[in-house]
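Consider the two complexes below, in which subunit A is the common component and subunit B and subunit C are the respective partners.
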Partner chain A sequence: MKKIDKSLLFMLLVFGIYGVVGVLSSESVTAILGRIVVMTLFALSFNLQYGYSGMVSLGHSLFFGMGGYVLVLIMSHYGIALIPALLMTLLICFVLTVFVGIICLKNSMEAFTFLSYGIALAALTAVGKWVWAGSTVGVTYQALPEFLTGYRTTYAIIWTVCLLCCVAIYLIVQSPFGMLMQGARENEERLTFLGIHTNRLRLVIFTVSCMFAAIAGILYAFRNAGAYTASLDTSLSFQAVIMCVLGGSTYFAGPIIGAFIISFIYNYISTVFPYYEGLMGLMILLTVYLLQKGLVSLVATLKERYRREEGAE
Partner chain B sequence: MTLSRFALTLVIGLSSGMLTYLMAAGMSLIISGMGIINFGQGAFYILGAYVCNQIFTAMGLPFGLALLGGFVVTALLGGVLERLLRPVFGKDMIFSLLITMGASYIICDSMIMVWGNKVKATGLPKFLSGAVMIPFTKIVFPYYYLFIIAIAALVGIAFAVLFKKTMLGVCFRAIINDKSMVEHLGINVDRLYTIMFMLGIGLGGLAGALNAPLSGLTPKTGLSVFNNVFPVLMIGGMNNINGCLPAAVLLGIISSFAAIYTPTWYNLVPTLVMIIVMFISPKGLFVKKER
Partner chain C sequence: MNGGIILRIEHISKNFGAIRAVDDVSLDILDGEMHAIIGSNGAGKSTLMDLVCRRTIPSSGKVVFCDEDISVLPAHEIANRGMCKCFQISKLFGELKAFENVRIALVKRAGRVYDFLPKKKDFLKKEAIEVLRSVGLADKADETASLLSYGDQRRLEIAITLALEPRLLILDEPTAGVARAEGYEIMKMIRNLAQRKHMTVMFIEHDMEIVFNYADRISVMHNGHHLATGTPEEVRQNSFVQDAYIGGNER
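Right after this comes the complex of A and B.
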């Protein structure tokens, strides 16, 4: 139990730092921080699927983009107020997520990876051609009502909602359902013996994880004042994977660290170096070779070494 | 729709289906043999096209050499990539997947570095431009499309012969069925893996080189190509190389007719067909029933 409390504490600490820095700093720093906070939620939601349940989805960007797009589209085209629009967005995203999940889970887990990637790519292509959805330009629309705009207020909203969602994810992981998720990763056969319909379980996990991604997408649309194709791009799915792998997917704190590093690099390097995607590829390779268990595992290794040295004395 | 237009659409669809077949067969070979999903195939496809452009248009060498170059260069790079993949064989699938994807990012950006971000055009070779007309009808077939179909069919036949008749093919089939048994028989599986990977990647490069004269080149096109390939793999069956050909031809023809009726949405049609197929038979249409 001790280790678990530590990871919750770590998360609260990180969010506390983000909050304090956000209050103190200028607009440009807040913009970057907003992205980092949203990405933290995105990475944690992805880790529900990947780290805890062993489902390698490469289409997580689809749900991230979907949240923002659906909200902005129904608000700008039909003029619906914010609160009902939010509820409708969540409902629409839920239906679409379940539909995509059913298709992706029809076949083996290899096919799941493949199909999720393919469907995300097809959705990106479709939006790119769809004039109603803004095609390749995207839709600019200030979703928040006027008294809530202003960068500091927007950041406060993003920060609060992300914190609540991250705590919710933590509670899910700690609950008996979290144990089931790990069971689906470790031993599917055993779960079947226990009378659990694994395919349905996977669908539930997929839906929960993707709904959190949709919430992250909605917040991202608040931050950007609109929905753009960059939020649907499949390279975002790879960012999610690499965030989890870099930080350590078997630890709760892993994706939080990974999200910080990766979004920082993406935000900073893309402004100074045109070949940042190639650099990203290089980083992926290095991570896979050197850090298969992630950064958090380094702490454990160091601690182990320290303890051993102490024992030798 | 007149008869001549119908025939032309059919040939174009067949040729694009054949191109997709080359790529899909390469990917399917790697998936079924090594259990690795090669997400870098799109990058190798574009690399093949660029090599073809470089050899044929920029250096003025014969077109056949350009096609061969497209195959050889990508296959060699594939060999390098296979070396990179060795440390993660048998580990979690995510690692090999990340390596192929990371490599494809690197390849795409190095292509931008070398050839720039402008759209490049490759001319048609002289002996393949023009069209053949069937006498007494108005049916016209452009030579180049026929050439693509012929080359892809040749590769398909060579593939079949390789698999059925040669020792190498026997080993490939054995690896697909039972890898550890092949190892126990004293056959060097690692080397076979290298050959398999090079073949699979080279086929992607060849498809790119064949397609180069038909469309403009930009380094980022590799991703959109995947849109056509993955429905073929799903409909043909993931681990089933023989299913690729019928699935690719079917989807090629369907999408080329769709291009006439809905010019905006045609490259989503394969995905739509695939979704319908997934509901009818999740394992793919062209999979043999297990006995």
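Right after this comes the complex of A and C.
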């Protein structure tokens, strides 16, 4: 029998747990789970840039928010039905992503970090002042189809689409393109002198990664029954980085763990413990200080220690 | 094109501010030869190499590769024409295994850069190991590139470029930093590969013994100028070369 890769198995297991718990729990727990599942996709999409390709974007929130906003705006302003609206949203997000990508990738990777942050911040401010886009209040779904009103069906849809997208991300990482992504992280100049147009390669990586974030954003808008400025907030960009660093950006499973911990702290611990941000800070500090490669590396470290002890006996 | 000119450098110059690093150099590289560039530190050898493969943009002059003017092409397009460069400081994909380094080049050659479909873990591994074997690294295929010894890193760097099957291989001091015996071994390997794959090699080298042993023709540079080009015998006889560079060190 063919052996299934450990990280894929881990991801399927985690999604299995989210699915079972989602079926068994109340509305409030499902709401938290919905966010965790969406954040898992968000973090994994970000890690395509961050961990695999070495592109430190601080503007990932822009694409997350964009997905939800574009969908809700075209549905509520123009009364377009859900399915054509979804297709239009993906198309619009694609065009905007490529456009933003071309601007951000014009110069060095350092410039990329700040350009992506600048554009995300500008978009957040612009939407906040733009009455048509709901300004600081946000936009609520006007014409939500019947089947999207129940919290269980909504969660089922979110869960299914996220799972499919996460599997797709896993497959991309195993492809020749995934190998080139790592090449771009390790040594861009070497790639150039192998005859690869590195700027184009980076633009494709950026677009793929951001489109998955846009899908996560669309699902998040389903969950919230609308698009709100919180989904565009640049603090989400930092959360993406933190999720990857905490879990371990060099491992496929890292962001999955990071997304769970961060979302859990933000959505549950924050309601019972007012100093939750301090708790998060402490966790980041300990993880980065003690285990440079994130929580997943703890498994490898323990295994190594166990093996050594066994060998010593 | 055997015996013809594969690379023609025409009146190329490069200024860095007020400094003229390469001054009106014209040079022909013949198809299939091992061509050494020698000169003291600061003679402009490395800059000349960078100008040829457009790592640096020339201030003036022209480079013709296989009858095509490549001075207007971006660096990656030049590599696609069949001119590959090995760097003075090894530029590897450090965190990846040796075979994965070569595999990236193989993926490129197969034209599968934008192939998004998943592959097995040993995808192209056999082919990568074949390339590693030709530089004597087959048994280190699964080692992390950045942990290899310095000499092995140089070999791996050569393997990555070989995977593309270039027509012209540019080597910036392939034996720098390795023991002389291993330097000889690396040069011998390069010469064998060049003969077998009909590859032209242009290399910078400081070790005169290696140069006179392995080069078919030698070009001498001094202060950004091209002094002379000729067979090892001719270069040895050239009085200006003897004064300017070789001096009393050459027996």
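We adopt the following convention: the second predicted complex is superposed on the first by the 286 of 313 C-alpha atoms of A that agree within 3 Å, B and C clash if a C-alpha of one lies under 4 Å from a C-alpha of the other, contacts with A are read in each partner's own complex, and residues count from 1 in each chain.
To be clear about the criterion, a contact is a pair of C-beta atoms (placed from the backbone, for glycine too) under 8 Å apart; a residue touches a chain by one contact, two chains touch by 3 or more.
Keep in mind that what you see is a predicted model, and the values were worked out from it rather than measured.
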{"item": "Subunit B versus subunit C as contact partner of A:269, first or second or both or neither", "value": "neither"}
{"item": "Residue contacts on subunit A - larger count, subunit B or subunit C", "value": "B"}
{"item": "Which of subunit B and subunit C A:280 touches, first, second, both or neither", "value": "first"}
{"item": "Touching partner for A:192 - first (subunit B), second (subunit C), both, neither", "value": "second"}
{"item": "Contacts of A:201 with subunit B and subunit C, given as first, second, both or neither", "value": "second"}
{"item": "Touching partner for A:183 - first (subunit B), second (subunit C), both, neither", "value": "second"}
{"item": "Touching partner for A:174 - first (subunit B), second (subunit C), both, neither", "value": "second"}
{"item": "Which of subunit B and subunit C A:108 touches, first, second, both or neither", "value": "first"}
{"item": "First (subunit B), second (subunit C), both or neither touched by A:245", "value": "first"}
{"item": "Subunit C-contacting residues of subunit A that also contact subunit B", "value": "none"}
{"item": "Residues on subunit A engaged by subunit B in the complex (per definition of touch)", "value": "50, 56, 58, 103, 106-108, 110-111, 113-115, 117-119, 121-122, 125-126, 129, 234, 238, 241-242, 245, 274-275, 277-285, 287-289, 292"}
{"item": "Residue numbers on subunit B that touch subunit A, as the complex places them", "value": "31, 35, 37, 39, 84, 87-88, 91, 93-95, 97-99, 101-106, 108-110, 112-113, 223-224, 226-227, 230-231, 233-234, 238, 264-265, 267-268, 271, 274-275, 278-279, 282-283"}
{"item": "Contacting residues of subunit C [partner subunit A, same complex]", "value": "53, 55, 74-77, 79-80, 84-85, 87, 91-96, 100, 103-105, 107-108, 110, 112-119, 123, 160-161, 164"}
{"item": "Subunit A residues touching subunit C - in the complex, by the definition given at the top", "value": "170-172, 174-177, 179-180, 182-183, 185-187, 189-198, 201, 204"}
